[in-house]
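You will see subunit A twice below: alongside subunit B first, and alongside subunit C after that.
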Partner chain A sequence: MAITPIIVALRRHKAGALLIGLQIALTLAIVCNALFIITTRIERIGRPTGIDEANLFKVSVQRGGLPSDGEAAKARLDADVRTDLAAIRALPDVADAYVTNTLPLANSNWTGWLGQTPDGDKVGPSTAFFLGDEHTLATLGLHLVEGRNFRPEEVLPHSLRDRVAPAQLIISKALAQKLYPDGDAIGKTVYVGPSAPPTRIIGVVDRLQSSTVQAWAESFAWQTSIVPARFSFTYRTYAIRARPGRLDAAMKAVPDALYAVDPQRVIPEDDGVLSFAGIRARAYRADRGMAILMGAVCVILLTVTAAGVVGLSSFWVGQRRRQIGIRRALGATRRNILNYFLAENALITVGGVLVGALMAFAINAWLMVQFELARLSVNYVLAGIVALIVLGQASAFAPALRASHIPPVEATRS
Partner chain B sequence: MLKMTHLSKVYRTEVVETYALRDFNIDVNEGEFVAVTGPSGSGKTTFLTIAGLLETFTGGTYHLDGVEVSKLDDNARSRIRNEKIGFIFQAFNLIPDLNVFDNVEVPLRYRGMKAAERKQRIMESLERVGLASRAKHYPAELSGGQQQRVAIARALAGSPRLLLADEPTGNLDTQMARGVMELLEEIHREGATIVMVTHDPELAARAQRNVHVIDGQVVDLAEDPRFHAQVQAGRVNI
Partner chain C sequence: MFGYYLDLALRSLRRNPALTGLMVLAIAFGVGASMTTYSVFRAVSGDPIPWKSSRLFVPQIDLFGPTAAAKTSNEPQDLVSYKDALAITRAHRAHFQSAMYNIAPSIDPASPGSRPREVMGHAVQWEFFPMVDAPFVYGHAWSADEDAAHAKVAVISSRLNDRQFKGEDSTGREIILDGKPYRIVGVLDHFTPEPLFYDVANRNFGEPDDVFLPFATAIDAQSTNTGNYNCARSPLEEGFSGTLTAECAWIAVMVQLDSTADATAYRQWLDGYTDGQRQAGRFSWASNNRLRNLPAWLDFKQVAPPDTKVSLLVALGLLVVCMVNTIGLMLAKFMRRSGEIGVRRALGASRLQIAVQFTVEAAVLGFTGGLLGVAMTWIGMTAMRAVLPEDIAALARMDGSLLSLTLCMAVLATVVAGLYPTLRATWVRPALQLKSN
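What follows is the complex of A and B.
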């Protein structure tokens, strides 16, 4: 297949070729970046939290009509929590449970930082706090890699306004490495903020994601701490592990049991009882929405581009019926004609994707500055180039095939 | 060189069959210059398109250079068109997107000829028709006569065994027509076999032999009453 005469002929049809080439370039640039964003979002959505998510759910309760401030109120609420937990753990479909302020991905971060000196001059790494007790590791299915679990006597009642200043702390491995890159964290003393009492690290869990997935907390998403505290407040969340295969039954039984203990409470209908799968879906709703939107943009762009190629190729075939007849009369086979139109399309497409590749990196550079997006991998651009060449050839194939069936006698028709 | 025996071409629709050629017989020898004449609609051009393998026929046999062509597939017909036949059309049929050089090159490229040989043949052909200096011009930049000369150069470049010309001077003024005709005669003198369809009795008279077609059949003018009827009706020039 001789390319030079095709290029010469294309020069005589600049407008159509340039327009479709530009469309291909824009499509490549946008689709590469969109696919990159989609992949980034999907990877984000698929990150493991570090907990065993199957058979896990939460029940959030609001107890109205009780005072929440003061030690007496806290003692009363703590008693309620203990009663609730006893009722929940007694259910046959429940494996374990504890009360907490929040769960991974639940979008309610308690954050602070851990200093290594009591004066607070030296600010340590940021961390997200989870309140928990000796049942937390089992309920969440966390893997303790060093140290030990909390003892029941170490777990104290904790109200909303209490300062987080525990005597012991279990931290994530990511936080331990941040605090002590060279050594063992177990037994070390840290300080939760300035002028805080010393806190001893007693355990390290393999991985535990923080509560929020928002961008501001991304830098310390895996630097988490579990505080030995029973969250004794009017609003609280019970984290519950159902026995294997009994999730639905447990999700129904727990609210019934809680209402039986104390009917003067509210469990919100929409998100009061939520499986962890539901919590995960809510946390990443925006990411999933963005991925779907970007996917839709890709599909629309690719469809429009394919339609453009089909339209232009069909137009050119219609416009050149006589010319095709002449070529056939001069000895071109059907395959020669088919190859001519496919090669013509390939030339336009290759021109378009080369420009598009540069545009893809330019758009990515702009997104990096404006939205802190990561650098676009060259693999996306290479994959996009291949995809658009295949799309272009597939779109041009039907018109090219029609052209190849134009009979040589067309040369004699006026 | 070209032999059609009892050849027919029928165009069929759901309700009617139209015979463009019926019991058509012709035998053109190698080196002959034959003019095919006849009134409009008589089947001259249909004959030429079948002779040039641009169209298939319905019945009969057609031997071209000793090969029965009805049994050939599309690729084989393309190869014969490319290697053995040169076409000269009334409307020149140059490709407007290509310059003179590239137009003449088209059939040579389909033959898979090497670039150096292509270039040599193209320039020889263009020199023969007196247009070597116009190799980089586009068809739109040439006169009708020059365009037809380019078409002749294109037809000659592949050294065909048979040259088929369909009203080669039909779109040209008298002076240009004369030049083209002289070129065809010169090509014939060099040994080419030429079959030319024409309305023009003056051009036909310059061929070695005239074949007359009326109602899709080759006729002997002296004996065919249809010819005399057409003469009386003023549809045939003598």
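What follows is the complex of A and C.
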């Protein structure tokens, strides 16, 4: 089919063709960037924490009115924690439990630095600390790839402002690789900050995500450490693994048991008892919301653009009824007419997507500067181009089909 | 004449319902998406205290030094140490100043039988209340003397007053926080600034504060700081008392400075203070202080999540596409009526009159799209509430100004979109049209 007549005809309605082309270009540019944001967020949400999340939940408690400073106060709180833990572990629906400062994704990060020398000048990689005991690996379902678990006698009571300087440490594989890129971490000595007593690495777990998903901690999100310590403070979190299928029952039984031990404690109503699925949903709610919003924008954009193509194509068909009739009378088949309008649409769309691809990269470059987004991959643009060409052809098909049904007798009407 | 054009516009729009519907829907979608994202953006980026935000300042002191591993840039810490907080507030160089920290004590129930619960709050100094213009429904802030005497007093929110005292005047009565009694001296009147501008280093949106205690009293009671706590070095002493001597940043400070001269003088004083600390051997680095006013501080702390800006920009992009779409469809619609335009021109209508007629038609289209856009915005906001984090979603509200803005924007955008099609309509030459028909 000759392309020249189409171009000649298009020049007679330049404005309309340019507008549709521009609309397709803008649609491509926005949809590519929106899709890119969506997949980035979905990948982020899908990252495994490294723990076995099913059947896991937490109960946060607070106990006002107790002193926390001094050895006597600490001993009293530690006794309370042991009583709580005994009560929780005795419940039939509970498989295992331990007390801690925070959990992965729970949005309360304790961070520090691991140095390889005792002097204060050199500090090593950042890490996020989780307090735990010999039950932690089993409760979280962590996979120990090297070394051993804590022994009960290694676990010491730990108050909120106590120094994190344990004799032993279990670290994540990511942190081990950062500390010893070409060596075995087990048995090595590290120092938690300047002038700290030595800490020996006794175990390495496969993967353990830190507590926050916020941007500032992203660089060390997988560099985590488990400290052998029982968090004995006025507020604390119990991490609890329910027996398979008994999550709901355990989530009711544990607060009841804790209130029975001490009715004066507070378990916050809104976020005191949360399943790990709940913790995860809270952590990634903003990302999920953003993905959904961008998805909605894409759907609306594509719908509006498709509707625009249908509208303008229909108008052009209506405008050229007589010309179509003449072509039909001169021997053009229905197929020729259909192809003509589809080709016209393809021509405009291709022009639009070429401009749109450039705009997509320009918008992405600007977003990279303004909002620290990553570079847009070419694949998104290619996928967007294909999608818009298909969308354009599909939208033009109905008006084109109607055009092909215009009878040759139309040539005689005016 | 306007009534006639309005009539013509309505007739024309009714003549081709499919095309009209398409245009109205496109406008509604574009405006609806923009307004939905704008409502969230407006909520998170608004000035919480517009009448004096430029006079409120946050002093920052470099507690860690330039080589500290804790630092990713040369910015000083957001919060200050207890030592510096005391020095700043005792020096009393600003019109008002207050040190503050985040607390979350448990409160005993109003009626026996219920359980204690956790309340959010801040330990502040008396000047905090006049500085942030906190409104009182009952009573007043505690006094400077009560601050100095470490009095066991409290100011509570109207929300807590409703829950605890059924909204009655509770001044003079007691609440038990973490097992200790505090006498209520004032009840705030719906003081729920968004964001919680006085301490955005710790919290910005979400639960407002329910209790305020005197700073010195809270320190005496060893009320746990539930906000951030960052140390360059480990404290020498453990426990709460250790936090008072440690080089750790955990206390927020806000000051009110009424003029540029005051701010300059304050900056100099702050640098003088840290120079003095350096000479005394405490810091080994040159003064690296900041004194940002509240708008600059909220911007620096990125209180408005970047996501809300990206969403707004993407939605405005959508609006542009919808408007380009409308231009195309309007052009088609107006051009189809070349015959009608020709007749009107031949009968004596001027080009201006044709232009006014089609502009009225565009405005009617925009208004209809705007009405539908208001409905779309409402649907969009409901949907956002379901998917966005609660603390942010709760802020997006439909109000009179948003409603009128939606309508104005729809009409304005459509009239602008109609400029080119209208111009084309005025180019129609009467003779040509009459001849061809």
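Basically, the second predicted complex is superposed on the first by the 414 of 414 C-alpha atoms of A that agree within 3 Å, B and C clash if a C-alpha of one lies under 4 Å from a C-alpha of the other, contacts with A are read in each partner's own complex, and residues count from 1 in each chain.
The rule is simple: a residue touches a chain if its C-beta (ideal position, glycine included) is under 8 Å from a C-beta of that chain, and two chains touch if they have at least 3 such contacts.
Source: prediction; values computed, not measured.
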For this session: Scan A:Q323 for contacts with subunit B and subunit C and give back first, second, both or neither.
Result: first
Exercise. If you stack the two complexes on chain A, which partner ends up touching A:L77: first (subunit B), second (subunit C), both, or neither?
Worked result: neither
For this session: Please work out whether A:A332 is in contact with subunit B alone, subunit C alone, both, or neither, and reply first, second, both or neither.
Result: first
Exercise. Taking the superposition as given, does A:A2 touch the first partner, subunit B, the second, subunit C, both, or neither?
Worked result: first
Exercise. A:R163 contacts which: subunit B (first), subunit C (second), both, neither?
Worked result: second
For this session: Go through the superposed model and pick first if A:V94 touches only subunit B, second if only subunit C, both, or neither.
Result: neither
For this session: State whether A:G193 touches subunit B only (first), subunit C only (second), both chains, or neither.
Result: second
Problem set entry | Residue contacts with subunit A in the superposition, subunit B compared against subunit C | C
Exercise. What residues of subunit C sit close enough to touch subunit A in their complex?
Worked result: 19, 22, 25-26, 29-30, 33, 37, 69-70, 72, 104-106, 115-118, 177-180, 222, 224, 229, 233-235, 238-243, 305-307, 309-311, 314-315, 317-318, 320-322, 324-325, 327-329, 331-333, 335-336, 383-384, 387-390, 392-393, 420, 424
For this session: Can you check the complex and tell me which residues of subunit A touch subunit B?
Result: 2, 5, 8-9, 12-13, 322-323, 326-336, 407-409, 411-412, 414
Problem set entry | subunit A contact footprint on subunit B (complex, rising order) | 45, 48-49, 52-55, 74-75, 78-79, 81-83, 87, 89, 91, 93, 95-99, 102, 105-107, 109-111, 154, 158, 166
Seminar exercise, completed: Listed in rising order, subunit A residues that touch subunit C in their complex are 15-16, 19-20, 22-23, 26-27, 29-30, 33-34, 37, 62-70, 113, 120, 123, 126, 159-163, 165, 193-196, 216, 234-235, 259, 263-266, 268-269, 282, 285-286, 288-290, 292-294, 296-297, 300-301, 303-305, 307-308, 310-312, 315, 318-319, 367, 371-372
